[in-house]
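You will see chain A twice below: alongside chain B first, and alongside chain C after that.
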Partner chain A sequence: MWLYLGKRIVLAIAIIAIAVTLLFLMIRAVPGDPAAVLLGPRATLEMKAQLHQQMGLDKPLVVQIVAFFGGLLHGDLGFDVFSQRPVADIVFEQLPYTIELILVSIFWAVMIAVPLGCYLAIRRNSLVDQVASVVTVATIAIPSFVVAVYVLLIFAVTLRWLPAIGAGNNFRDVLIHLILPAFAIGIGWVGYISRLVRASMLEILGENHVRMARSFGLSEWRIVARYALPLAILPTVTIIGVGIAWLLSSAVFVEVVFARPGIGALIVSAVNTRNYPIVMGVVLVTTFLIVTATTLSDVANAFLDPRTREKL
Partner chain B sequence: MKDILGSLNRRTLLRAGAALGGGVIAGMPLSRAIWAAQGKVLKVRADGDVYTLDPGFYVGFGDIDVTNCIYSKLIKYKPGSEWGWELEAAEKIEQVDPTHIRFHLRKGITFTGGHGEMTARDVKFSFERVIKHNSPIKPDWGPLDHVDIEDDYTGVVVFKTPFVPVWNVALPFGVGHIVSEDAVMKATGNGSSFGLKPPAFSGPYVLAELKAKQYTVLTRNPEWSGPKPGFDEIRIIPINDDKTAERAYKAGDVDFTRISLDSFATVKSNPPAETEIEEHSSLRYYWIGMNIDHPKLKDINVRKAIQWAINVPQILDAAYAGQAEVATGTVPPSIVGHRESALIPPEGDLAKAKEFLDKAAVSDLNLTIDCLNESTYSTIAQTVQAQLSQIGITVEINVQDSGSFWTLGVESEGDRWKEMQLSVMYFNGLPDPHYATSWWVQDQVGVWNWERFRSDHFDELSAKGVTISDPGERAKVYHEMQDLMEESGAFRFLTYGGNPVMHRTTRMKAATLPDGRPLFLDFKPV
Partner chain C sequence: MVIVSSRLGPNDAAEAGPFGAFLRQFRKNRVGVVGAVLVILIVASAIFAPFVVTHDPTRIMVGPRLAPPSLDFILGTDQLGRDTFSRAIMGSRIPLLAASVSLSSALAVGLVLGLIAGFGPRWLDNLLLLVFDTIRSFPSIIFALAMIALLGPSLASVILVIATTSMPIYARVVRTQTEAQRSSEYIAAERSMGAGTTRILAVHILPNVLGPLMILVSMDVPAVIAVEAGLSFLGMGVRPPTPDWGAILNDGYNYIDRTPWLVIAGGIPIVLATLGFTFLGEALRDIFDPKLRKDL
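Then we have the complex of A and B:
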């Protein structure tokens, strides 16, 4: 297990380094100059040159990337010349908002989808199962930003039950501000996870150890909860790990629709203004999050199913 | 794992559900109750985040909206439909001669934090640090040389050459704010930018809280001795997207916002309850630019053909649902130098366009048009594409993101300017014609003059325009400059866009500038 864990960590570091390097090169390959965007039309050539110098853009590309990784070793993500603040401060100020949104979205989705998937597996081919199949597939198909706009129009604009924008101040306020955006992101996951759990559950429920449990006269729900679910949940754990990337991209749109703070909104404006230090900082942190989530889900899988450890 | 699952029992879930449900129920009366509970709170939308609260280094208009409330200036803009100014920190101010402005400060304006009374030294420090520290917005001061101090309250702003725009832009706007020399020097050591951390305030409000991408809260300045503003608190909420802001307004989360032009007609015909809508033209100006140096556009007859083939009202119908007015040049209405009409009628004339094309002896002309990746600009490009096809010109549209687009014509950014042909352009203006024309002098070719328009006479007029104080005489100069631009064939002026705003009449009486920008200090509670 420890060897497996070690290999995963080395792989994770390599993935982060490659992803960040690729993005570093890609964003500079795209035409555009942060100085032109940041300083605006009144900027003189001298001012632009000064900003290039401050951002280190006057140095060769290799020097820039070496400086970036060198800074990383000291925990320095760089400096945003525009706001005159360290990039780490800016990114970590916004990150909690995105993380809380993602966690709440996935939490409520799992809480509903897993029991629903189990129920549909037990009542397979029933009318409820057939209706639920249509509904769950529909929730997967509808993009989160469409859901976001409609729930906002219904619950915030028309009914005025919930706030339309922002992230809230105190705990209760934060929860209230999370309801609509988390619903918008999580609803697709309810469909996705419930379909996954249902399919896995159907497979497990047909296996010998389950038939044996039935022959002992155990109740169907007890069989599901104690013997089938721990195995059927494995693909879901993997999917949630991989799905962090998908959740992050959903969060970008939802943060814009609800005018929420977060790294989604941050990176959109940073890419548009070619604010390279912020883009690099956000990408580094999100890559780290995604790689950590997939590594954790792999480790969890390996912990639950020892056969997977041998596949690395 | 067992511990985690163990903690997620039915009761825990029910408790969490109850907490969320309670939150929802509690949230229902919250928006209604907030007004009464919080006193006079002004909740307004800003277009984006505050970048800096150092007025000497401001970035956007959003910064100025806040600095207007927390610092004083010698003069400030008057709300209303005409551009004008009134005294703020100055008791008296006068243009002594074309290069000297004498001011006399009001007594008793104090800086917070024990930094003392505002003096002429603070004015000198505030104005000169913009030049000394090479602020990106130092061009606002034009040829400012220095400020002479005559006594504690009196000083003279000295320019190297006459600079009339100082009255319209520098003094009542961003760089005209006065900060405390003592406080800034203690905070920064050398007087450079203090970013988002103001060391002292001198306006009717102080900064209470600033949360990036969430809100900026201003509360009354207890040390303020001037006239009291109407609201106890101003809560400025940054919302980049106009549609999101409109929804936030309808949901009651903000009480003042700009309306996007494409939803203006709908909002106007069916306004939210208790809402007043105001129409303002913006200071932004839009045009179709043509790169004179491109081989395909070198012939003025080709450019003229394009000018005459473009039907501006059609474009405005398509891109702005007919809600934007036709531009007559780059100088917007209500600014000195605005032309009553353009040389080419807005509708153009296809027959005339074909005549010019025949004169150029060009056939099978294929051109490209660059535009930003926003629906308004791509719609403009598509309409131009359709209109030019009527005279046999094929147009390919290149849509680009802002980072790429805004470097297209910049020579120092590579060779893309050589390939540039047509472009859907806009610049943001300031309330002085100098800022709507100075980009097309020859020094700006390959910098911001992407049409690569060159005219010695235009350059002479540009230099002359900033020295003339008589509005009538000044207007003639800027009329002629816009005529020259249009005659070159490189410009087809489109519109000034528009800046409609709405506010809740049960909460406030709004106060805006002619371009619709809010003056929070002049907002009155209802």
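Then we have the complex of A and C:
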């Protein structure tokens, strides 16, 4: 177990290190001088030289990479010359909004999807199940930004029931501002998780210990809740860990559509202004989040299921 | 206790050959048929777009600005008075082009790298796996945005990003299948008869790998359409005035408090395309490889 954990952590660190190096080299490999892009066409040579020095671009590449890694270890993601603030400050200021949005989205999705999946497994092949199997695929297929734009049109612009933009100030306000964005992100997950729970539930309901429970005359719901659900929920745990990448991608669009603060909106505006340090900072933080989440869910999975431990 | 055994009916495959059997099985899947019809309509309208459009999709002021749907303008007009229906029809070309170019290049690269990882020495396998995992750990849209920041917004950037991020999954599937085949007895027999690596790869491994791979690719098409439309929704795909689904939706979003029609019309093609390709992909998977369902 400890060996597995150690291996997994080393692998996670290796992945992050490679990702950072790749990204760093990619940004440097781009034709054109980042300083020139930042300063615009009317920059003088002195201005460029000064900015080069400020950004550390005058040193050899290896030194730059080592310095960058050294900074990372201190939580230094670089410096944004536009706003004259450290990149880390800007990114971490926006991150809580995105995390809040993602957590609320996945929370309501799980709350709906797990009971729904159980219900569909019990009523398998009924009309409800057949309709649900089409509807759930549809919710997975339709991109979250289309859902976001449509719910914005219906509930905010036409009916004016819910706010269209921003993130809210006090607790109640924040929740109200989260309804539409969290719906747009979560609805696909309701479909996905309910299918997952249904499938693994059906597999488990066919096993011997469940038949045994049934022969004792326990009700189907009781069997599902007490004996089958703890096992059937496992794939969902893994998927949520891996799915954080998907959640972050949806968050980018949803934040833009609802003009919410967050790292998605931040990177989009940074890309529009070619603000490389911010782009790099957001990519780093999200990569770190994803690798951590994947590692955690792998470890949790290994902890719950010894068979997967052998794979690595 | 009744034991239900599922078996292939002996007559099922014999009657009309493999294709007839496939068609009969496919027709039973009603959702799959709906998907197939949608896909055929979308692909056909993309190919024959110049004959389907009712107006010039890039000409401005063919009608009033932001007009609701009418007989002349089926889906209304946009903020420049262009016909939305014609733009939506013409706009199907970009996502389909992006999907076919990016997925086929991802497939080609993934196939080669996966075969190398599965058949090559152990250290190379480990190295490639690390590369695949690294690429997969970038969040696709955020990675795409970073690449676009570097390369500038264009269709080529979008295609490059999609190809890069979809490749590792194909490579991994190829690798797993290759490893499974590699240690099987018939490969050992083939080897003992003097067959070289190239022959084994081309004659034995490749046909076994291609099936599951094609299903994965077909199921990735809707995701690619979504990414392409999403990026051009953010203004980072094709440049205006080229008609594109994401761009139409973005126009609609920008004028959402003036008219609902443009945003409604902008979303319809994306919804129909993602649904159509998803339903078709699911049906194909159910028929050809029910086992793959478990891995996804």
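Please note the rule applied: the second predicted complex is superposed on the first by the 286 of 312 C-alpha atoms of A that agree within 3 Å, B and C clash if a C-alpha of one lies under 4 Å from a C-alpha of the other, contacts with A are read in each partner's own complex, and residues count from 1 in each chain.
In the analysis below, contacts are C-beta pairs under 8 Å (C-beta built on N, C-alpha and C of every residue); 3 or more make two chains touch, one makes a residue touch a chain.
Fair warning: this is a prediction, and the values are worked out from it, not measured in the lab.
*Asks:* Would you check which partner chain A:18 touches, where first means chain B only, second means chain C only, and both and neither mean what they say?
*Replies:* The second partner, chain C, only.
*Asks:* Which partner chains sit in contact with A:165 here, chain B, chain C, both or neither? Use first/second/both/neither.
*Replies:* The first partner, chain B, only.
*Asks:* Regarding the shared-chain residue A:48, is it in contact with chain B (first), chain C (second), both, or neither?
*Replies:* A:48 sits against chain B, while chain C stays out of touch.
*Asks:* What is the contact status of A:157 with respect to chain B (first) and chain C (second): first, second, both, or neither?
*Replies:* Both: A:157 reaches chain B and chain C.
*Asks:* For A:145, decide between first (touching chain B), second (touching chain C), both and neither.
*Replies:* second
*Asks:* Given the touch rule stated above, what does A:215 touch, chain B (first), chain C (second), both, or neither?
*Replies:* neither
*Asks:* Quick one: classify A:267 as touching chain B (first), chain C (second), both or neither.
*Replies:* second
*Asks:* Is A:256 touching anything from chain B or chain C once the two structures are fitted on A? First, second, both or neither.
*Replies:* A:256 contacts both chain B and chain C.
*Asks:* Is there a shared patch on chain A that both chain B and chain C touch, and which residues make it up?
*Replies:* Common interface on chain A, chain B vs chain C: 30, 152-153, 157, 256-257, 271-272, 274.
*Asks:* Going by the contact rule set out above, which residues of chain B touch chain A in the complex?
*Replies:* Those in contact with chain A are residues 13, 19-20, 23-24, 26-28, 31, 48, 51-52, 59, 134, 136-137, 139-140, 193, 195-196, 211-215, 237-241, 244-245, 247-248, 250-254, 400-404, 406-408, 410, 412-414, 416, 427-428, 439, 447-448.
*Asks:* Can you check the complex and tell me which residues of chain A touch chain C?
*Replies:* Checking each residue of chain A against chain C gives 11, 14-16, 18-19, 22-23, 26-27, 30, 134, 137-138, 140-143, 145-146, 149-150, 152-153, 157-158, 199, 245, 248-249, 252-253, 256-257, 264, 267-268, 270-272, 274, 276, 279-280, 282-283, 286-287, 290-291, 294.
*Asks:* Using the touch definition from the top, list the residues of chain A that touch chain B in their complex.
*Replies:* Where chain A meets chain B, its residues are 30-34, 36-45, 47-48, 50-51, 82-85, 90, 93-94, 111, 152-153, 156-157, 160-167, 172, 175-176, 179, 256-262, 265-266, 269, 271-274.
*Asks:* Within their complex, state which residues of chain C touch chain A.
*Replies:* Residues of chain C touching chain A: 31, 130-131, 133-134, 136-143, 145-151, 222, 226, 229-230, 233-236, 249, 252-253, 256-257, 260, 263-264, 266-267, 270-271, 274-275, 277-279, 282, 293.
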